[in-house]
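The same subunit A turns up in both complexes below, where it pairs with subunit B and then with subunit C.
Here is the complex of A and B:
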């Protein structure tokens, strides 16, 4: 189907189904139940799942295929965000040009940085990308304030030119929309005690994400993708066969930079605000965490990892001490106090601790990430049943 | 521009450069011996800084007695706190001990940092010798997050001040010393102390490696681990000890840095990023290069923060280190003093 093998087509359709049904699937608990706070089916969070999924899928094209570990990818996300907000300010409140331009701007930016950084490999490459990203962050937060809005960030205003839109200097700041469909609009359906929110912005993200995912699958299976894998497994041998690997790695770098820019563009399409902290190296570290956690070099892993981390960040971090008390209140007093004291440092504000521990365990025991681990388990069971036959 | 202004920037660069150099020295030591890229090194610096905070708190544990003769503004009897050290050693010696808690923390931190270093190497890093550098970076990055969060859990997220002894508060007038007029070149005492301390530590590490049999074996192991192992020397054990020493160097750098910059749990990460740039600029695996690059980048950073320079090139103070790193890496692929064949695969 569309040039995909049967397995890949099934994977793509499976992801499509999950993404379309996410508003229902992510709200498994009735509104009035105590578990309702574990529901992740609200638009803001679901959009973030997809946007960071795109970011991580793109990062995986560079790191998963070529093995070049970039510690500065957040710079492209940030550049894309700024470009997106400027398009919303200057051209039109329609998000389409903003998303396209932010992808292109991030592509150009990554071409420049990639051209220089890819002259080195290994840790030198990581440090060069880190240095460029930190420079972009520092400049965006200080000197480039007229362009980036400095520390307060860049946002749309009422008196923006918006040359393609009808003049509008009264009333509210227009909200980003796609041909009249406002991103923030939602359609809520209540079935019994369940409340499902179908959000316009979310489905735009879903549409873009499915295209991005399709392109990623095609890249993985293409001769170009094979070349990138060859760079990862043995760069030296590849150059002995008379092939110059540089253009291929640079292409991979620019593609992953464009994915990051696309994610940035979508981010501002959902919420027209861009701040410098989006470019900081911790943000670059986050996408590395997502990719590794889900499974580097696998197709679906990064999406999975992005979802997991964003879920932890938004849901897990809300658990507080009194909530824990009510959960364990069925235990005898002393025991429940003890259990709460033991668990408390790992949830709520301490969720980073859990993240760090899980991440370490994954790197130590599952070098292929969670998806790699599941695949391994599946293969082991499958092979055993084969032997039995 | 006056000469005194230039000298002042050099001096300002020295203390930051000392911290960079000490952290980068430890990083390079670990990389040169074990071949491991340790992203948790900044966390070791932070733990060192919190050693001095902890000691200060331990020393200030007090007994509370009620003084019936005085009352506070609510009419209750006034509380008088007396630290235990003052009751044990008498008020004079006791308060002196509390005053000198930061230098004393050096003694407190060395065994702790050595222990943490050994535990880290034996418990985690040992299993990562044969894994790719990317895996080492990632697992130590995870460890850094964990250590950071543990410290945050116990000490909170705010900066905690740990002042220098009273004797070192104030500034030394270099201007008067070299005859440029009083008050032109003021430099805080503690920063002089920090610089000298860093020089001593750096010299000690180099002497240890250069002039002892142990150091000779370690250097031989750095050059060719396999051959040294074939000679019947247990090189792994020595490398573990070197990891402990590197951790202690980072920890001591942190202990002494607390009066300059009150630590919070992110201080390690802040320094780590720059320290990695320093190590790479100096050349991976080159101890001299790490120290040299540390001081050069520290001084460069303080020059870039001068008002005249910022007026000329806005924003340069924020980016000068990274800019220098990019230029040096592109002009000299192996860094300033890097050897051939290190980290080039």
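Here is the complex of A and C:
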């Protein structure tokens, strides 16, 4: 189907199904139950799942296939975001040009940084990308304030030119839209005690993400993708085989930079705001974590990794002490206090601690990430049943 | 017969060590030329000068009229020179078939091809070329095996397949039987004989094992302390006093 093998087509359709049904699947708990806290089916978070999924899928094309570990990919996400907001300000509040230009600007930016950084490999390459990203962050926060809005960030304003749009007479800053469909619009469906929110912006993200995922599968299964794997496996051997590895790594770098820019463009399409912190090294590190957590070099792993980290960031961080106390109030007084004291450091502001522990467990016990682990388990069960036969 | 490779006056110095000292060598087309010599004689250094890894201090290396000096390894390969390494250099994470498809693609498409949207499984011609060579070399049952999990002997054969699939004009073999059992060595000799009989590929073999050298080579150069002391037919090398001196330590 569309140039995909049967297995890949099934995988793509499976992801499509998950993404389409996410507003329902991610809200498994009734609204009035105590567990409603763990529902993730609200537009803002679901958009993040997909946007960071795109970011991680693209990052995996570089890191997963070639093994070149970039510590500066947030710079491309940030560059894409700024480009996107500027398009929303200058051209039109329609998000389509913003998303396209974001991708192209990030592509050009990554061509420049990749060209220089790829003169080195290994840790030196990582350090170079990190240095470039931190430089971009520092510039965006200070010298480039006229372009980036400095520390306050860049956002749309009432008096923006928007040369393609009709004069704005509403007196409100227009909200980003796609040919009249406002990104923030949602359709809510209540079934019993469950509430499902179907959001326009989310489904735009879903559409873009499924295309991005499709392209990633095609790259993985192409001769080009095989060359990238060969670079990771034995770079030196490849050059004795008559291949110049440099343009291959640069192409992979630019493609992953464009994925990052696309993610940045979608971010501002959902919320027309871009700040320098989007380029900071912690943001670059986050996509590395997502990829490793989900499974480096696997197709779907980075999407799961992105989802898991964003879930932790948004759900675990909301659990506070009083909430814990209500949950454990059924226990005797002393015991409940003790349980709350033990659990508290791992939730709320301590969500990083839980994430760190999960990350350590995955790296130690599942070196192939979550998807690698599931594959291993599947193979073990499959082999066992084979032996039984 | 025409010369495939002409080496003239090659010198290479590493600090105080004269690794190659005015090396002259002519390898004729379609022949198997062996380079032998004691450890440290400069055999690997010489080979590295052919493939763009090292640049000699002086001298020329001409391959079918084209200089191999000052160009990069992948350019040397594209000129028609394939190399089989001393310790097997393969793409360990990839399958056996993929390991051979990569050089086949490099041979067809050149040093870079942006074919990111073309499914690999539609490259049926490349696949067939790779499978044919693997059959020829006896690895047809291991196509989907991960290359790193093969035995050392099989890895070596895989590397030969990687070289052969490019239909090279010159195949460089760096100690193809090093560390092999007698059975594996004999097997490799058979494979190389078969290659030489069925395809007109010029080969340069660097080798320690005299049995291999005298079974395969059409011509032998003996290298000692960076200098070619003798170049002759195998029968004449056997009884040569200079060679015995070089190997028994008389030349020190």
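Criterion: the second predicted complex is superposed on the first by the 387 of 389 C-alpha atoms of A that agree within 3 Å, B and C clash if a C-alpha of one lies under 4 Å from a C-alpha of the other, contacts with A are read in each partner's own complex, and residues count from 1 in each chain.
Following the convention adopted for this analysis, a residue touches a chain if its C-beta (ideal position, glycine included) is under 8 Å from a C-beta of that chain, and two chains touch if they have at least 3 such contacts.
Note that the structure is predicted; figures quoted are calculated from it, not measured.
Clash or fit: subunit B against subunit C, after overlaying the two structures on subunit A?
Here subunit B and subunit C can both sit on subunit A without a clash.
Identify the partner contact of A:370: answer first if only subunit B is touched, second if only subunit C is, both if each is, neither if none is.
A:370 contacts neither subunit B nor subunit C.
Where does A:131 make contact in the superposed view: on subunit B (first), on subunit C (second), on both, or on neither?
first
Quick check for you: in the superposed arrangement, does A:143 touch first (subunit B), second (subunit C), both or neither?
first
Is A:240 touching the first partner subunit B, the second partner subunit C, both, or neither of them?
In the superposed model, A:240 contacts subunit C only, not subunit B.
Could you give the angle made at the Cα centre of subunit A by the lines to the Cα centres of subunit B and subunit C, to the nearest 10°?
80
Please work out whether A:260 is in contact with subunit B alone, subunit C alone, both, or neither, and reply first, second, both or neither.
Neither partner.
Superposed on chain A, how close does subunit B come to subunit C by Cα atoms? Whole Å, please.
Minimum over all C-alpha pairs of subunit B and subunit C: 14 Å.
Mind listing the subunit B positions that touch subunit A in their complex?
37, 124, 127, 131, 133-135, 137-139, 141-146, 148-150, 152-153, 269, 273, 276-277, 280, 284, 314-315, 318-319, 322-323, 325-326, 329-330, 333, 343-345
Which part of subunit A faces subunit B closely enough to touch in the complex?
That would be residues 67, 69, 116, 119-124, 126-128, 130-132, 134-135, 138-139, 141-144, 281-282, 285, 288, 292, 345, 350, 352-353, 355-357, 359-360, 363-364, 367 of subunit A.
If we count contacts the way the header does, which residues on subunit C are in touch with subunit A in the complex?
Residues in contact with subunit A: 51, 72-74, 77-78, 83, 85, 89-94, 98, 101-103, 105-107, 109-121, 123, 126, 162, 166.
Please output the residues of subunit A touching subunit C within their complex, sorted ascending.
3-5, 215, 218-219, 221-227, 229-230, 232-234, 236-244, 247-248, 251, 255
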